[in-house]
Amino acid sequence: MNFLDGLLILSLLSVIVTGFAQKLRSAGWLSSVLLGLQCLLLMGMAGLAYGSPAVSSSFSVSVLGQPLHWQFNALSWFFALITLASALASSVYAAGAWGEDYRLQGGNPGLLQFALNLNVFAMLLLLASGDLLSLFVGWELVSWASLLMMVLAGGAAGRFGLRYIVYATAGAMAVMTGLVMIFQLTGSFQFADFAAIAPSLSNAQVVTFTLLFVFGFGVKMGLLPFHLWQADAYAETPGPGAAFLGAISSRMGLFAMLILVIQLIGLGRLINIEVPYSFFSLRDVLMWVAAFTIIFPTFTAMRQNDARLLLAWHGIGQGGYMLMGLLMVNPLGSAGGLMHVFNYASYQAVLFLVVTAVIYRTRTADLNQLGGLVTRMPLSFLMMLICIIGLAGIPPMNGFVSKWLIYRSLIVEGMPLLFVASVVGTLGTILSVYKLIHNTFLGQLRLEHEQIREVPWSMMIPMLILSAVVFITGFLPGIVLDWVASAQAALGIPVLEHTLGGVESPSGNLDMIWICSVLFGGFAVGALVFYSGNKSRRVHQLDNYAGGHFLTADDRYHYSNNFYAGLMHHIGHWYRGTFQWLESSLGSAISLLSAATQMLFNSFHPALFLLLAATLSLLFFAG
Amino acid sequence: MNPIEMNPVALQWLLYFGAMGLIVIGIAGVVLHQNIFRMVLALAIAEAGGNLLLVIAGFRFGAVAPILQDDALQTLNTSNMVDPVPQAMVLTSIVIGVGIQALALALIIRIHQRYGTLNMREVHACMMVDINKSAAVDDLLSAQQPRGRRPLPSPPESTAKRANNE
Amino acid sequence: MNSIVLNIALPLLVAFLLPLIHASSRIAARITGPLVLMVMMWSAVIVFKALEYPVSIALGGFLPPVGVSFHLDQLALLMATIIPLLMLLLWPYQYEQNLREQTVLLLLAAASSGLALSGDLFNIYVFYELISVASFGLAAANRQASSFAAAFRYLLISGLGTVLALTGIALIYTQTGTLNLAQLGLLSSRLDNPLGLSAFALILLGIGVKAEIFPLNGWVAEVYSTASTRTSALLAGLVSKLAVLAIVRILVVAYDDSEAGLMLLVFGVLGIIWGEFSAWRAQDLKRMFAYSSIGQLGMILLAFSIPGEAGMFAGIAMMLHHLVVKPALFLLTEKWNHGTDSLRGAARLSPLAAALFVLFALSLIGVPPLPGFWAKMLLMSGLVGMDTSVYYIALAVLMIATVVEAQYLIRIAVTLYSASDRSSELRLASNTGVMSLFAVVLLSALLTLTPLGSKLYHIAAESSNRALYIRTTFNVNPTPVLEHKNATQEASL
Amino acid sequence: MRNLTALLFSGGLAFLLMVIAWQFTLGDAPMLIGAAILDNAVKEVGAANLVTSVVLGYRGIDTLGEIAILFTAATATSMVLGSFAMTDEASETEQREDGSILGSSVRLFFPLLLTLGLYIIVHGHLTPGGGFQGGVILAGAFFLPLLAIPGRSINHGGIALVEGFSGAAFILIGLTALFSGQAFLQPLFEHGVIGHLFSAGSLPLLYIAVGLKVGAELSGLLANLAGISSHAAEAEK
């Protein structure tokens, strides 16, 4: 009985307990405590992140002659930490005032907590997978558990959840095909056996496996042609659930892809496979997929008028950075990709939670219906500010470090076009997160929002802690880089040389402590000048004038509708909804096919088909 | 003419062509007819073809029926007999055919009673209407494919008034 | 071993006498049927337990190949056990005025057992016909006009199928002069030519009518949506499997290593496409399940088209899985026979039934760790193992079909759990008890996956062993089941 | 269009079946089990009619299945056509006159047919014919009055009795063999002298059971069909 056994058993117990305790008032706190205990157990395995050998679970199951076992290494620990931390934050958030409110709105917070625990259990099982079969079992559990979370809200959520599960099943089928192919090659589902034959695979086999796994796991990540399901489904999920799903759920796809494509098949193989009639290698193709995944969803996010949708669309784009980083041979890139998982989870969770807090107070997430909340909910504003700085990848927050690593490695590896592509993506990010914070917290306060207050502490504390993480790991990225380096070692890829303040390697240096000191020194100077001048005067937020005229609160001068009209003038015609069109065409095609197949069953004389079948099959054999 | 004396090739043509022909005529009859009673008759023809084929399977030139009679009873000579197994099988399959046909006729009687028609197309249409009704589903064959019942547009006022006046 | 014929003789005997028993005592008539089924189950279990290696019994004391023989192997006995069990679960206990239906059900039980056990081509045909006639009766038992029409259309297709099968048998007999499967196996070189394969095609089409093979399944949706749910459950769950089993027996024993498997593959793939895509648009539960059952049968055929143990293992696993899941799903529709749109919010009123639906749906889609997943994985693994382009195409079709399947099943699940805009009148399905039993079976299969898997593997290894079949039938040196195999070898995929 | 397709494919099917059939040579039956039966049937079963020894001996289980099919068909038919009572009602409403020619000839034929049927059944193991053929004649005997003499109805209770017991008798004979340590449906008793009425062991008994069963089933079936159709005609008026 080691920590891993304890963690998995406790997680399973939490699922059962929260399942039965759904109706309890205190179900939320119960679930938070259970998740907290799981975090403690995970901390017990913290040695993994500092070089301890992998932990194997002491139980294993054998099905159809194939053993399934579970183990934890530094990579699993890294992902599990993110999972449990975001789950704990979401759980605490949902346990308090928000849960009460959710209950009053007709929801069942107990069920939400159950779904949360179920997701955590499924993810831990996936992260702990010690062979391909347990990986797939965990993978499917994750898929279906997140479906439960998505459809909790009912209504449109059901439709989006359904769409998700179609994509997820398609992906799962691709993965399963890949797995049984591996099984037929090696006769087992063990990682080691596949790794052993991986070098001797033919190019065609490598391409097949890569495409199958990238498609299968990429669906969950929202890689480009398969990204449509994600934003809608996450946006409709109840707030804390969305924070959790947005933070980590899609990254499970990245995790599985890491194991199969990068660890087992190996990037070296991908780089050596040329795409015919081009100068691309297979790896380059994937990187461009990642690049487009960064650009298109991010710019789609910019057009959203619902805060949740805006964030959810963003989440898709950020996945592209991670994949892009991890596809780099350079240790800088892979470290950036891995670290981005952590960073992104931290601020994405906070952002969703802040938006949920805004919804909690104002009952709307429509960016055209908000504004000026900064004085009403100052802490929330601050946290959103911290996190959008992180999301945009601007110092001093942690997002800067991971993006710097990725950019740096792109430059070092000599991939200027990809660099430009990712910078374009970052541009979109900055523009859209600015739209988010401007339309929510800045600008004109709406009269109906004048009386609202900051959210209760039960909701505030998780956000505060996570924002602190965003800041601290930005200031001292070495904390995370330690874990990342161990994870790199566990994956068997080059390890990043790092210090507490950043990176010190031949490929580039970064010292966040120094950067932050300079930055805050600059701020201090500015503040000194501002406050020593003492020329400012505080007025009420609704006390405004323009052009010599007083503006009453009824005048709408908050510029929110058709944000970025000038930019849209130039790029607006690029938004064509091609993917939507493709998806709906596919749906129509299936519908058409379905109608055609039903004609057989609606034929008034089915015996005709018997005649046809008899003739044709005789023709086949005797003819 | 005694068939044994016939040209074997001609006999083969006759028998196999007869058997296969009956089968095909039967199947084609079932498919081509719209009258369900005729379909059952066609089915009977097809079955007859199958049975004939079975009997032919045991046929031998110059052999007699596998029944010991008269002289053979004394000598117990069974060497010049045809294969008895197909004959037993044919017996079985004929009886099976009878059972199926009886049941088919009973069903036809009921269908005719309830639907008042023997035309397969009409029977099918009636049946589909019944099935759809019992399943509370719109007619799948109709063009109103988008799901969910759409309310009919209310008639123009003038016609509604006229209807009221009348 | 000989006592297994009781599984055929006893239900027939009671069925013949049931009207007379009914005339003397109604209560006796009511309990006789279930009693007989229990005895059948008991007898099958006893033989199953005593069976160490396959045994052939000669009926009438005439040794095969001259006489009719029953081939008792684990697969046959497994089916012989399942038949009465399933019938007990689906027995019409609560209806009055069901004497004839009970009679027909007993006849069906006898015929099904016979079909599972028989080792003679023509005997298989006879039992198959008995099943057919019994199922026509059951299909019409509802006494609705539509069920008469559906039963008639079913009868028509089935009757034509009979003719084809009979033609096929006649061709085989003309070619080989025998009907015993084992002897056909010995003579299989005579059948591995266009003539023999055509005969197989005709038999396949004939028996395939019950097995819901692709172009012959026009009756499926009609009959299942007009007959009583128990009948549908029985037809979809049991009868179709028995028909498949008969086909597989013929295929394995007499058409080993021939192109015949390819035909199964083609029909299987077409069945999957037709069934699943039709279900995608189905607007009421019964027809959706009917179409889905066609698709599932296609998958089963596909599995059996893979030669060797792998295919047999996958096929048996899929078959048993479907045998548990589909009857349960049909029972669900007993009260829910409405358009899918009107199911909105039904979960609130009947939470257990809705939860069971979700369980069965997930297993049907193949979500791990439910049994359906393992069955599907065996199938996929077998397909990949063939490493031929045709099988890869089949694999692709299977994948797409699974996605379609997931879409329509989860669509229903989501509808069930979505909020209702009006007070729904759909109450708890009355058969939740029986359905729960099915769920218990499914879940216990999940818990005992490892022993079950190895048991099924042994069964598959035994029934895919053609030489063993032939040896058993001619009673030459009865040998332990896996003598040729390393006995310690674990069951593996 | 449909008809054209059907015709085209029927033609194709006919052609293919002929292609298949042409590969056989007529009269060249392989006689694998056939020859074995011809050689051994006299010794093993002792019936002069070798077809009977196949029907009731070698393939007795097929015959059991066959009468079960007939029984199933009869049961299903009565299930479809409704309860027996309906026929009786129908016959009560009949008002037609009894045609004297028809009536008297039926009265003449009835015993003749009965005798013929029984004869064929009893001699099934000796001469062409047997339980099925005789059973059909018996059914004809019982059905004739129904057709010819309006208002005549069949005693369904009697039919049920006969069909139940005759079917049961067949199985019980088979089970007797089983419980006496032999195989199910193994012929019992001494073979006797081949060609005599009392020979071939239990085969004549089995054939009597089959004959009665078939007779009862078919009469029941025919009566059902006839009764309900006249009733339906009534209802249509």
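For reference, chains read A, B, C and D in written order, and residue numbers begin at 1 within each chain.
Here is the rule we go by: a contact is a pair of C-beta atoms (placed from the backbone, for glycine too) under 8 Å apart; a residue touches a chain by one contact, two chains touch by 3 or more.
As the structure is a prediction and not an experimental result, all values here were calculated from the model.
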Chain whose Cα centroid lies at the greatest distance from that of subunit B: A
Chain closest to the assembly centre - both centres taken as Cα means: C
Between subunit D and subunit B, distance of the C-alpha-averaged centres to the nearest whole Å: 20
Distance between chain centroids, defined by C-alpha means - subunit B, subunit C (Å): 25
Computed distance of Cα centres, subunit D from subunit A, in Å: 74
Centre-to-centre distance between subunit D and subunit C (centres being mean Cα positions), rounded to whole Å: 31
Residues within subunit A bordering two or more other chains: 595, 598, 605, 607-608, 610-612, 614, 618, 622
Junction residues of subunit C, two or more chains touched: 122, 126, 129, 133, 136-137, 140, 148, 151, 153, 156, 160, 167, 171, 174, 177, 179, 194-195, 198, 222
Overlap residues in subunit B, where contacts from two or more other chains coincide: 23, 27-28, 30-31, 39, 56-57, 83, 85-86, 89, 92, 96, 99-100, 103, 107, 110, 124, 140
Topology of the chain contact graph, where touching chains are joined (line, ring, star, complete, other): complete
Touch list for subunit A against partner subunit D, complex: 605, 608, 611-612, 614-615, 618-619, 622-623
List of subunit D residues in touch with subunit B within their complex: 3, 6-7, 10, 13-14, 17-18, 21-22, 24-29, 31, 33-35, 37-39, 41-42, 48-51, 53-55, 58-59, 62-63, 65-67, 69-70, 72-74, 76-77, 80-81, 127-128, 132, 194-195, 214, 218, 221, 224-225, 228-229, 232, 235
Residue numbers on subunit A that touch subunit B, as the complex places them: 595, 598, 602, 604-605, 607-608, 610-611, 614
Subunit D-facing residues of subunit C, complex: 2-3, 5-6, 8-9, 12-13, 15-20, 23, 57-62, 65-68, 100-101, 103-104, 107, 110-111, 114, 122-123, 126-127, 129-130, 133-134, 136-137, 140-141, 143, 148, 151, 167, 171, 174-180, 183, 194-195, 198
Touching residues on subunit A, where the partner in the complex is subunit C: 61-66, 136-137, 140-141, 144, 147, 151, 154-155, 158-159, 161-162, 165-166, 169-170, 173-174, 176-177, 180-181, 183-184, 590-591, 593-595, 597-598, 600-601, 603, 606-607, 609-610, 612-614, 617-618, 620-622
